[in-house]
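Should a chain be cited, it is by its letter among A, B, C and D, assigned in written order, with residues numbered from 1 in that chain.
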Amino acid sequence: MLALFLGPLFNGLFTAMVVFLFATGLTLVFGILRILNFAHGGFFMIGAYLAFSLVKTFASDTSTIAYILISIVAGIVVGLCGLVVERLVFRPLQHVDEAYSLIATYALLLISEGAVKAIWGVSFHSIMTPAALGGALIAGDLVMPVFAIFIIGLGVLCYSLLEWILQHTATGKLMKSVASDPWMAGMLGVNVPRFYAWIVVIGFFLAGLAGGLLLPNQTLSPNLASVFVVQAFGVLIVGGMGNIRGTFLASILLCVIDSYGSVIFSEVPGVFFYVAMAAMLLMRPQGLIAGARL
Amino acid sequence: MMSQASNSTWKRDAAIAAIILVVLVSLPFVTSKGIVFIAGTLALHVVFGLSWNLMFGQTGLVSFGHASFFAIGGYAFAWAAKIAPGIHPLLLFAGAGLFGSLVALIVGILALRRSIGVYFAILTLALSQIVYLLLSYIPALGREDGFTGIRRPRLSLGFTTIDLASGNNYYYFMIAMCTLLAVGLWWVMHGRMGRVFKSIQQDAERAAFLGIDVQAYRLRSFAIASGTTAIAGALYAPWLQLLTPEIAHWTFSARPILYTLLGGVQSFWGPVVGAVVFAVLEYGTRTLHGLSEIIIGSILLVVVLAFPGGLLGGLSRLRKRMNRKTIVTARPEIVR
Amino acid sequence: MTLHDATTNPLLVATNVVKDYPSVKVLKGVNLSVAEGDSFAVIGPNGAGKTTLFKVLTGEVFADRGTVRFEGDDVTRMPEWKRVRLGFGRSFQVARVFKELTTQENVVIAIEAHERNTGRRPARRLACRPSPDVREAVEQTLLEVGLIDKRDEPARLLSHGDKKRLELAMSLALQPRILMLDEPTAGMSPADRRAATELIAAIRARHRMTIVLTEHDMEVVFGLASRVAVLHQGAVIATGTPAEVRDDAMVREIYLGSELIHA
Amino acid sequence: MSNDFSRRQITKSLAAFGAASAFGSFTRPSFAQSAPIRLGLIAPLSGSQEVIGRYQLAGATIAVNQINQAGGVLGRKIELVTRDDKAAPAAGVAAAKDLAGNGVNLMFGVLSSGVALAIAPTLQADKSVLVVSAAAANELTHDQFSPNVFRTADHAYSRQRALAKLVAADYPAVSDWTAINPQTAIGTSNWDSFVDGMLQFYPELNKKPVTITDPIWAKFGATDYKNEIVQLMRSKSEGLYCGVYGGDAVTMFGQAAAYGLTKKFKVLVDPGSEFIIAQAMGKNTPPGLWSGFHWFYGAYKGHKINDDLYETYVKMAGDKHPAGYVGEAHTSVLAYASAIQKAGSTDTDKVIAALEGLEFDSCKGMRKIRKEDHQAICDINFVQFGPDDSEQGWKITGHRVIKDEGLSEEPSPGQPLKFLYNKR
C-alpha cells in the first residue's frame, strides 16, 4: 500500500530533480543575462554524448567516481563551448531585443543537433548505471532505486550549494547585484562583460554536467535536446523569473503533481505538468518566489 | 501630409501584394506540383506569421503557443465537416475562425488579466502543450496518427459550384482566402484599431492614461490573431487532407516567431520575407540528408548576427546608409 | 493635523489614503481636497511620497486603505483608463510619448482615444486613415502646442522640451476636467521652464481646467499654484494658498535650515 | 559498440545519391527509352526517425545497385531519387508532390503511418503510386485504403497476431498477460491485435482460457517510466507485452533494471524494436526478450537474395546487424522491378495492375500482394535477445519465422478492420 501513496511522490521527486538539474544552468543564464536559452538542451545533450564516449573509451566498468569525474569533464568541455557561444553570439546580441537572442539560441539548438548527428550518428545508445548505484532500497512494497535516490540527493545538494553561494559568499552577492542592476554594478567597477562570460560558461558547464550525470537515466539519441526544454522553461517561470530557489520549488511542485496526475488519470499521462503550470501562472503571475533575482 | 504618407504606404503595399499574387497564380503553369504544394503551404505560413506579428509587432504580446490555434482551427474544421457534411464550407471556415477566437477570448480573459510579457509567453506555451497532448490522446480526433480522410469540399456559390477537389482549384481557393486574411490583417494594423495596438505596444501605461482599455485591446489583438490563424489551420486541413498533433507542437509555434524576427518586426512584410526565406532554405536543403539542421541553423545565426533588426530592418538600414540622408543610429531600437 | 478646507466645490478628494510597499510605509493617511478650478501643487522633499500619492490619485496604483473620490464618486479602485474617461489627464515626470510613431500619429491616437472615451462612435469607414474631424482636431492641437512643423518627425527624435509639449498636447486632446502634471518642468533649463510654466498657465486659462501638479521648483509652484499641499513623510502637514503655506509655522519648523526644498 | 555505420553511411549516401540524383533530376530530360527508370524513396532522413530512414536508404541503394549490375529492368537502369519526410505528414506530402512534379511517380519507403496516411489520398490526382515499406497501420489497407497504395511489408495486425501465436505455442504455462503501451494510435492497435491473437491461439493451442489484464498506458516519448514500472511490479500477470518500443523501450528497461522488472515477468515481448534495445543496452539487455522484426537476415541463410543483401550491406555499412527496414526497402524495389518487368512499362496504371496479385521473391522468401487490399502476405520474423559477455554485450538466443497462415484478416478495403476475437 505504501507504494500506492508514496510511490508517485518518490517518482515525482526524482523527475523534479532531473528537471531541476537540467534547469539550473538555464536559470542562471536567464536570471542574469535575461536570455531564454533554447540551446541549453542541445548542450545538455552534447554533455551526455561526451560522457558516453568517455565511458566507452576509459571506463567500461563504470565506477561511481569515474562516472562523476567523467560528468565533470563533460561539463568542462561544454563550458568551453559556452565561452565560444558567449563571444560569438550572446555578446554581439546583448544590446538587441531579447527576442533576437531567442532565435539565435534556437539556431544553436539546430546546430548542436546537427553536430551530434555528424559526430555520433543517429543510433540509440545507453550506458549502465554504475554498479554501486544499481540496486534498490525496499520499504514495504515501495521500491526506491538507488540511482533515483542518488539523483534526488544530487539535486538537493546542487540546490543547497547554489543557494549557499548566492546567499553567503561574496561571489553570490556580486551575482545578485549584477542581476538586479548591471549598469550600477558596472559603475562600481565590476567588469560586467567578463562577468557575463563567466555566467555563460558556468551555465553551460551545468548543462554538460547534468548531461553526464543523467546519462544512465536516459536513452541517448539526437532527440534528447528538446526533451526537457519546455518543462525547464516552465519551472523557470513558475519559480519566478529565474531564481534558483523558485526553480527548485517549482520543479518539485509541478513534477509531483504530474506524477500523481499521471497515475490517477492514466488515460492522459503528462498533461498535469502543464495544467499545474498554467494554474500556477494564473494564480501567481509573479512566480513562486517573487521579486528576487537569482 | 498624413494622407499622402498613408496613401503611399497603401500603394506600395498593394503593388507588392499584386506582384506576389501574380507569381502565386502563375505557379501552377510554370512549375511542378511539388513547388505548387510548397507555395500553397507557404501562403498559410505567411498568414500564420502575419497574425503572430499582429500580436507581437503591433500589440507587444509574445505568444509561444500560436500553433495551438492553428491546430484548433484545423481540427474544428475537420471534425465539423465530418459530423455535419451538409454545412456550407465557407461557413465551416468562418466557424473554425470564430471558434479559435472564442478559445483565445476565454484564455485571454484569464491570462491577460495580469500576466503579460514572458509570463504570457510561457502560459501560452503551457496551454499549447496541453492542446498538443490532448490532441494526441483523443481517439475521436485520431490521436497522434492524425485526423484522416479530410475531403476537399465542393464550393457552391449560388451561381456556380466549384469542386475544390479537382485540379488546382483548392490551391487557388486557398490563395484567395489567404489574400483576404492578409488584407484583413493589413487593414486592422493600419486603421484605428491598429493605432491603438501600436500605442499599447510602445507604452501600455501611457496608452491607459489616454483612456484606452489596454486589457480589452490586448484581448482583441489576441482574439483576431488567433481567429485568423484558426482559419489558416482550417484551410490547411483539406490542403493536406490530414491533421496531426504535430501542428500544435511548440516547435511549430516557434515558426511564426522565426519568420517575424528573421524578416523584421517593424514592417508588415517582415513575416512574409521570413517565411519565404525559411521555405527556400528548407527546399534547398531537402536532399542534403543529415546536414539540413546545421545549414538552416547556421544561416539563421548568421542572419541574426548580421541583421539584428531582421532582414527588412537590415535592408532599410543599408539603404539609409547609402542615402546618407538620415543620421544612422547605432542600432535600430527594437521595441518589445 | 489635517487642514481640510471646506471648499465650495471639491472635485478630487483623498481621505486617509494609506499605501505601503513591502518594506516601507509610503503614505500614512493622506487627506486632501482639490476644488474645481484649483491649480493645486503638491510639494515636499524627495521621499515624501509625492510620486506615490500621484500614482494613487491617477490610478496607476491603488491605495491600501482610504478613499479617493472624484466629483463625489468613489474611484479608489478604479483603473486608470476608466478614470481618464471620467476626465483625468496626466503627464509623466519623464515625458512619455510613443517613440516609434510620428508626432502627428501620437496626437491622432490621443484624439481617437478621446472620441472613444466620450462614447462618440465615428461613422464606420473602410479607410484606414483618420476621419476628417480627427485630422482637423490634430491640426488644432499641434498648432496650440507649437509642434505643427514637426508633425512628421518620429517622436523619439524630438528634443526633451518638445516631447514634454507633445505629451501635453496628448493630454489636452483628451479635454480632461482635471490635469495631473507630475513634475512638468523636471530636467528643463530655466528658460524652457519659464516657457513651460507660461504654456501651462495659458492652457489652464483657455480650457478652464483644474490642475494638480507635483513640483520641486518653487518658482514654478508659486507661478502656477493657487493652492499648495505640503507632503512630509507620507502625510500632508499643511494646505493653503502659497502665501499661507510659506508662513505656516510647522512647515517652517520642519523645513528651515535643513535645505529640503530643492531648487 | 554497435552500429557505427551511420557516420560513414551519411557521407557516402550524400555523395552518391542524395545530392547528385536529386539535383540531377531537374535537368535530365526524362522518358527517353534508354533513360533510367526513376524510383522515389520517401524516408525520414532527418529528425527523430533518421536512424531508420538511413536503413531504408541503405536497403534501397543496394537493391538498385544489384538490379543495375544485372542489367536493369526492360533494359533500362534504375535511378534512386530520395526525399526526406522528416517523419512528418506535411513534409511527406511535400516530398511526394515534389517527386511527382519531377516526373517520379513510382514511390516507396515511408516509415511513419501518419506520413503514409497523409500521402495516400494525394496520389491519385498526381498519377503516382506508393509502395509502403514499413508503415504498419491497419487503416492503410482498410478505412483509408487508396488504390494507389501497396504495402510489401507486414502490417500491425498480422505481426502482432504472429507474436501471440509464438508465445501461445512456446509458453503454454504463461496464461496471464498484461502490457505497457504508449498512449498512441499504433500502440493501441498493436495491443488490440496482439490480444485478438492471444484470444484465438492460446485457447486453440492449449485448450484453456487466457487472461488479459488491462495494460498500463504511458506517454509516448516519456523520459520517466517509474510510475508505470511500479504499477507493473504490482501486476500478477506473468507475460509482459512491452508496447513502448525503440528508444522509449530502452529508457523504460534501463529504469526498470533497479526494480527487477525483467525478473518478475516470465516472458517479455516487444512489437518491433528489432536491434534497437539490444544495441543500446548491451550487457543490460533484458534476457529472453522477443522482438518483432520486419526481416531477420539470420532466418534465411542459404536464400540467395538474403545472403547477397546481407553481405553487401555489411561491406557497405560496416555494420553486422542490418535492421529489418533494410530488407523491406530492398523488397519494395524488387517489387517494382518485377511489376515493371511484368507490365512492360513504367506507366502508373500499368504498374498498379502489375502489382495487384504480384508474387515475387524477396530477402525473406516469396511474397504475394493481395489484389483486393494491396497488402502483401509474407513471413513474420522474431528474434530473441539476451545479454552476453562478448564485446558487443548481447547475443541472439533464438529466432522464429511465422508463416502467414491465418494471421492476416480477410481483405476489406475501405472498411475498418474487424477483430475476430477481441470484442472490446
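Keep this in mind: a contact is a pair of C-beta atoms (placed from the backbone, for glycine too) under 8 Å apart; a residue touches a chain by one contact, two chains touch by 3 or more.
Remember, predicted model here, so these are calculated numbers, not experimental data.
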Both-way neighbours, i.e. chains that touch subunit D and touch subunit B: A
Chain whose mean Cα position lies farthest from subunit D: C
Between B-C and A-B, the pair with more C-beta contacts: A-B
Computed distance of Cα centres, subunit B from subunit A, in Å: 32
Rounded Å distance between subunit C and subunit D, as computed from the means of their C-alpha atoms: 74
Whole-Å gap separating subunit B and subunit C, where each centre is the average of the chain's CA atoms: 41
Distance between the centres, which are taken as Cα means, of subunit D and subunit A, whole angstrom: 36
Overlap residues in subunit C, where contacts from two or more other chains coincide: none
Touching two or more other chains - residues of subunit D: 10, 50, 183, 219
Residues of subunit A whose C-beta touches two or more other chains: 117-118, 267-268, 270
All pairs of touching chains, each written as two labels joined by a dash: A-B, A-D, B-C, B-D
Subunit D-touching residues of subunit B, taken from the complex the two chains share: 31-38, 41, 133, 136-137, 142-146, 148-149, 240-242, 244, 246-247, 286-293
In the complex with subunit C, residue positions of subunit B that touch it: 1-3, 5-6, 10, 187, 190-192, 194-196, 198-199, 202-203, 205-214, 266, 333, 335
Of subunit A, residues touching subunit B in the complex: 36, 88-89, 92-93, 95-100, 102-104, 106-111, 113-115, 117-118, 226, 230, 233-234, 237-238, 241, 267-268, 270-271, 273-275, 277-278, 281-282, 285
Parts of subunit D lying in touch with subunit B, wherever the complex brings them together: 10, 13-14, 18-19, 22-23, 45-46, 50, 53, 57, 82-84, 88-90, 93-95, 97-102, 113-114, 117-118, 121-122, 126, 137, 139, 143-144, 183-186, 188, 219-220
Footprint of subunit B on subunit C - complex, ascending: 58, 60, 79-82, 84-85, 88-90, 92, 96-101, 104-105, 108-110, 112-114, 116-117, 122, 127-130, 135, 151-152, 156, 170, 174
